[in-house]
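Letters A, B, C, D and E name the chains as they come in the text, with residue numbers starting at 1 for each one.
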Amino acid sequence: MTARFIKKTSEKTGLVPGTLIHIGERKTDEVKITIIDYDENQYEEREVKEVEECYKYKDKPSVTWININGLHDVNVIEKVGKHFDLHPLLLEDVVNTTQRPKLEDYGNYLFIVLKMLSYNEEENRIEAEQISLVLSSGIVISFQENGGDVFNSVRERIRKTKGRIRKVGADYLAYALMDAIVDNYFIILEKIGEQIEDLEQELVSNPSEKTLYAIHVLKREMIFLRKSVWPLREVVSALERGESPLIHESTITYLRDLYDHTIQVIDTVETFRDMVSGMLDIYLSSIGNRMNEIMKVLTMIATIFIPLTFIVGIYGMNFEYMPELGKKWGYPSVLLLMLIVGCIMVIYFRRKRWL
Amino acid sequence: MTARFIKKTSEKTGLVPGTLIHIGERKTDEVKITIIDYDENQYEEREVKEVEECYKYKDKPSVTWININGLHDVNVIEKVGKHFDLHPLLLEDVVNTTQRPKLEDYGNYLFIVLKMLSYNEEENRIEAEQISLVLSSGIVISFQENGGDVFNSVRERIRKTKGRIRKVGADYLAYALMDAIVDNYFIILEKIGEQIEDLEQELVSNPSEKTLYAIHVLKREMIFLRKSVWPLREVVSALERGESPLIHESTITYLRDLYDHTIQVIDTVETFRDMVSGMLDIYLSSIGNRMNEIMKVLTMIATIFIPLTFIVGIYGMNFEYMPELGKKWGYPSVLLLMLIVGCIMVIYFRRKRWL
Amino acid sequence: MTARFIKKTSEKTGLVPGTLIHIGERKTDEVKITIIDYDENQYEEREVKEVEECYKYKDKPSVTWININGLHDVNVIEKVGKHFDLHPLLLEDVVNTTQRPKLEDYGNYLFIVLKMLSYNEEENRIEAEQISLVLSSGIVISFQENGGDVFNSVRERIRKTKGRIRKVGADYLAYALMDAIVDNYFIILEKIGEQIEDLEQELVSNPSEKTLYAIHVLKREMIFLRKSVWPLREVVSALERGESPLIHESTITYLRDLYDHTIQVIDTVETFRDMVSGMLDIYLSSIGNRMNEIMKVLTMIATIFIPLTFIVGIYGMNFEYMPELGKKWGYPSVLLLMLIVGCIMVIYFRRKRWL
Amino acid sequence: MTARFIKKTSEKTGLVPGTLIHIGERKTDEVKITIIDYDENQYEEREVKEVEECYKYKDKPSVTWININGLHDVNVIEKVGKHFDLHPLLLEDVVNTTQRPKLEDYGNYLFIVLKMLSYNEEENRIEAEQISLVLSSGIVISFQENGGDVFNSVRERIRKTKGRIRKVGADYLAYALMDAIVDNYFIILEKIGEQIEDLEQELVSNPSEKTLYAIHVLKREMIFLRKSVWPLREVVSALERGESPLIHESTITYLRDLYDHTIQVIDTVETFRDMVSGMLDIYLSSIGNRMNEIMKVLTMIATIFIPLTFIVGIYGMNFEYMPELGKKWGYPSVLLLMLIVGCIMVIYFRRKRWL
Amino acid sequence: MTARFIKKTSEKTGLVPGTLIHIGERKTDEVKITIIDYDENQYEEREVKEVEECYKYKDKPSVTWININGLHDVNVIEKVGKHFDLHPLLLEDVVNTTQRPKLEDYGNYLFIVLKMLSYNEEENRIEAEQISLVLSSGIVISFQENGGDVFNSVRERIRKTKGRIRKVGADYLAYALMDAIVDNYFIILEKIGEQIEDLEQELVSNPSEKTLYAIHVLKREMIFLRKSVWPLREVVSALERGESPLIHESTITYLRDLYDHTIQVIDTVETFRDMVSGMLDIYLSSIGNRMNEIMKVLTMIATIFIPLTFIVGIYGMNFEYMPELGKKWGYPSVLLLMLIVGCIMVIYFRRKRWL
């Protein structure tokens, strides 16, 4: 369970900083490299086998997007790094999937780490995949662990010349990729929203220990979500402040929009947290109430019958001289007495609003 | 229940940023466009069918207020946007009613998103409607989802030349609209204040599980309220700092006043939150106390009768040689004994302050 | 109960900003205007009937203190405002007694809103009265709702030429008035301190549901107190920073002293809050403990007698062949058996430290 | 109990700011004035009777430390104030022992208020004494309420020419005094640390209601401690920033060291707070657990015997036609039946892990 | 238990600041001094007996790393301090192992205090060792209490000319040492992560009072961890800001990487804290639930049998005239009646979902 929160990194201890060791699950079999190169007029898309094929795009004036899918083959990463002159520590962060979202400005390129979230329906939990972006002048390199289809919409837009994307530079492309990731968060949030709603229904209709457990699972998912989402805010905010010359003026409005989305995501996560802990309170107090009600009724039944049992006990005594025992009216009048005593107790409890 | 907190936005995922898709309920049947154009001397008010009729007001020196009621027809929004040269992302935010209150400075116009709150008496909850304002030089464009009567007072003042409004510019008009919205919050707060008072009465006189549920509903309304109100503070504070040339010096005093009102709203919301969680504490401890009292009394009754039942049990035994059974004074003296035992127990419990 | 936290302001909704409407209770019958005019050498004090009589003091070089007692007559306020050239929004805040403490710098005058607290012994709660000060060059105008005797000490000092007050300007007078108000807070704090002490005694000696309620009332008073006290800090701190030319260098030391007092008040309020919530914890756990003790003893009594009752039940059975019944030693040995069983149970419970 | 948190200050209400009234307990009989005057070469120490004897040290080039012990005689304070030209508000703060730790820069002298803590073993609580320091060029004046022996180590070092103290100026002396006070805090912290340890032992071995009360007392001591310690941080930090020309460059390193100690004290206080509230949680849950265990066992005993009592009740009925009653094997087989029923219940409870 | 949080420092009270007294456990027998001197071309490693042997490395152009292992011999520390011109307060901090992590800039050298953590498997708790670094131009001096093998990897890299380390200056060496320490934290975190996982398993399968205690122990370890980790952040952040000329531009990228690791450590600690308190909540509510379930079932058994016992009691009465007693069908019909009553109760309880 804690695996999502801390991955095995101890094997890295004592190594030279900058040593490339893939930390995380191996989520794909082979490394897939896709290159999309475009400007306003032309468009080229190809999947390459050897990393060396990327090299020629380095100095082209068009925008080039190199997508590397699968991080376990550190050789590929290393070659890319060497050719595009990336810092060893950057490469180390790319293959170590335990990073928090962050932005690092290396002068002539920006390094952005993000978390792609997906909902694992089977294990009923959110999973995170690390996505690293390198934005250099005219080039965006993206590194994915597995590479679901989250970037497909961006590809589609480039192919179909939809929107601004073909007319503007690599910074807009980087924005578009980040936007695709953040857009995806809303789907996760909706799913969690539905779960909260279901749990609320359950809470009102039929709360059980299972409900309690579900609430706690949800609470933990929230902790996980926050961890991915909060640092994102600083990342986008730093980009939007526009201190890097790699970000053009016109892209900043879009980054501001992205920032708004990020805030909205955070806001929703916090609201959900409040709602979930409110649900926990409701659960605990209503379970407590219900149990109290049961105990009250049961105790009351016992309380009514115990004095009656005492009375019948009296006339079960074997004294020789108990005048009532010989009387004809003895038995019915004791029955009547008990009826009266019982009724008085019921009335008393009702008046006290205990029943 | 969570619908208010997160609206279906997943259908937007993967679309080009700036695509206009109306997100939210469709709250009105047709789009209604009203134009009010005035300066100190003249005044004109008309409802137009076609959005194109607004165009001529663009460069008039008088103040023009274009109110667009109903956001589901994105064509109208798009036309307005094109003519008045509004950024596509702005238009996207106008039709996406999941925005948080915010202020965006696009240079030659300001974009303000606010939340109009109303109390839905039937479903017993607060509802929010998104209102967007565009303040350009001499022009205010307001977009409403449904457009209740919250702006009527402003219209009335313009019509009747009441107050400063006719003498000053579009920035004051924008202020007046925002002020009308914030004024409206106080009505919501009063309603909640009354509910809190009612619940408190109920808490003292007759707390039940219904009370608990009502407290939790109130708590959730508070979460919702905070979400709308807190970001407002930054919006007004940013306006009041007066960094935009669109805001005149003289309007800033009024914005400061608006800021004060905003702070007062936030303050009251926070106070209410404290009060509601205090009520929850009282409820829980008083319910607990009451239940304990009941259990105590019931257990005490059982405790008094159990030893007595034991005594009568003794003389119900069928031993042949039980000397007491043959004695004339046997029965009455056992009755007396039980009376004494009962009294001693009651006295003991009283002395211990258990009764 | 919530009336103190939110006053009826809905009647103001939709009015032109700057419209004077008195919001709050009418605490005095007629408006009383007192003028004190002094410099180092002369001193004049008079009560005037008509507000116009204040006008002549406007440009005198001496320090003039105009005190207006009673806010329900908006005409008076309006006249003062017009003559001394006060902003309509300022006047609106003066008569709307729902303001938070605040400082506003209108350039040639400062506007300060404060809360005067008093302890209502009958209803056992703190009450607040709004006091507004306008500090202009050579003039202080104070507006009070009811005007208790809190300013009497200042008046006395002016009359008797005590202290610096006659030698220095209007800013010192404004300081002196604020100081009088804050000094008064300490009396409230002492009263609350005493209540906390009483409650603590009660908590140790004889906690009851009444104690719980008293703790909650105290907690609410704390919420109210905080609301009045926290914003005060910003007010005094802003004054002390001395950005306004109306505040002389020599007064700033005094304002710093006032600031210290404010911090001390806030500090004490926070400490009290901590103490009160500590008391709540003690109460809940000691009540819980006590109830548990009672239930334990009662259940133990039942537990001891139930097996004994079972034994006597056995010998109450009517089987024809129960050899023990016919034996002479039957009855006494059963009695002995029960005595032994009872003793064993008591000893067992004692050893387990349950008794 | 609250006396430590708020002292009687209401008698000051309404007085002229700067009026000297001693607020606090009178902790010593007579005012004792000690003068230590030294430079690298000479050293003089004397106790004076009249405050006037201090006057001649005012302009000597050597460092002079005037220690005034006992604050109830405001005349002495006033004379000192007048001669050394101290602000009346400063003197007011010296005699009013309710100050928070603070630093005030009066231009040609600094005013520092600190709290000396001591542990009152009898009443089992921390007590605070106010110590005020005035640092002027070449002169340090210290005011103590009672003057324990906390400054003796400093005196000793001056006498014995140990360390830097004789070679450097008055600012180092002021540092040395503050350092002595903060060093003393560690003793208090150790004492509290021991108490926490004792309570933890008690918590594991034999928790009782006394333990609960001790935890709460400790919690309150923590509140008190924080109140004295937190503001200290700002004081030392402000000094260390070295904005006053009275503080020499070389002393700043020492002040930084003092700052570190202050942070360490705060850190420990916060850690203790966390530990104490953890202890409270343990206490409550373990007491609750224990009580539950007892109730469970008792209820189980009752539950086993109630059905058995029912069975014996059946054969105690007086019906004429109850075939079992006449059978020889009736009695033993009923006994056997009950044994079986009892065993089944015990086994069932064990299997359910209830026993 | 508190010993880790506050060590005996009272013996230091009253001493001259800068006096060297070793505070902490004596963790090694004799002081071991190792010198590693290297540049790109040559490498020398030796263990010296006398501290004086270090002196000749002071002005060599190569990088020199002096590691001092064991702090109890203050003479050694003092000699080093004198020769390398270190401030007495710095030396005092080196031997006083109660320091928080901190960075101090003494102009021509930096002083860094860190905490090395190790997991004591026997006592099941984290232990901290203080490590102090002095970074001067071309020289790094490290002071360790015991000196585990945490620095071995760095030594190895120097020996084997691996990585950048031999080509760059002393600042990179200092970075490498700090990096080794922080890397080590991840091992601790993993261990705690495993414990959390184990406890979670236990929580689901078989929660007991032992689980509760383990949770609390974990909670306290968290407090300890935080205390060591949080200040680290400021230390690294201050270094990374690169204000000291001792830190070269090229090292700053590495320090930024170190900063990221520190943030990751803090993040994980905070996540663990959230998880542990979530576990506490689960524990308490599930224990409560279980106990409630037991009590409910037991009470229900009692409740079913008490009315039945009452019925048999009726027919155990000895009245002469009880017509049912003489009837043949009396006994079986009473048995039937009781069966029906019992069944009705069971059905009723089931329908109410109490069973």
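As a working rule, a residue touches a chain if its C-beta (ideal position, glycine included) is under 8 Å from a C-beta of that chain, and two chains touch if they have at least 3 such contacts.
Just so you know, these numbers come straight off a predicted model, no measurement behind them.
Colleague: Which chains, if any, touch chain B and chain E both?
Modeller: A
Colleague: Check every other chain and keep only those touching both chain D and chain E; list them.
Modeller: Where chain D and chain E might share a partner, there is none at all.
Colleague: Roughly how big is the turn, in degrees to the nearest 5, that lines up chain A with chain D by CA atoms?
Modeller: To bring chain A onto chain D, one rotates by 145 degrees.
Colleague: Between chain A and chain E, what's the gap in Å when you average each chain's C-alpha atoms?
Modeller: 26
Colleague: Once you find the CA centre of chain A and the CA centre of chain C, what distance in Å lies between them?
Modeller: The answer is 42 Å.
Colleague: When you check chain D against every other chain, which residues touch at least two of them?
Modeller: 295, 299, 302, 306, 309, 313, 316-318, 322
Colleague: Draw the chains as dots and join the ones that touch; what shape do you get: line, ring, star, complete or other?
Modeller: Graph shape, chains as nodes and touching pairs as edges: a ring.
Colleague: Output the circular ordering of the chains, read from chain C in the direction of chain D.
Modeller: Starting at chain C and heading to chain D first, the ring runs C, D, E, A, B.
Colleague: Any idea which chain C residues touch chain B in the complex?
Modeller: That would be residues 1-2, 5-6, 8-10, 12-18, 87, 89, 92-93, 98-100, 102, 104, 106, 209, 212-213, 216, 219-220, 223, 227, 280, 284, 287, 291, 294-295, 298-299, 301-302, 305-306, 308-309, 312-313, 315-318, 322, 324-328, 330-331, 334-335 of chain C.
Colleague: Please output the residues of chain C touching chain D within their complex, sorted ascending.
Modeller: 152-153, 156-157, 162-165, 176, 179-180, 183-184, 186-187, 189-190, 193-194, 196-197, 200, 253-254, 256-257, 260, 263-264, 267-268, 271-272, 274-275, 278, 281-282, 285-286, 289, 292, 295-296, 299-300, 302-303, 306-307, 309-310, 313-314, 316-322, 352, 354
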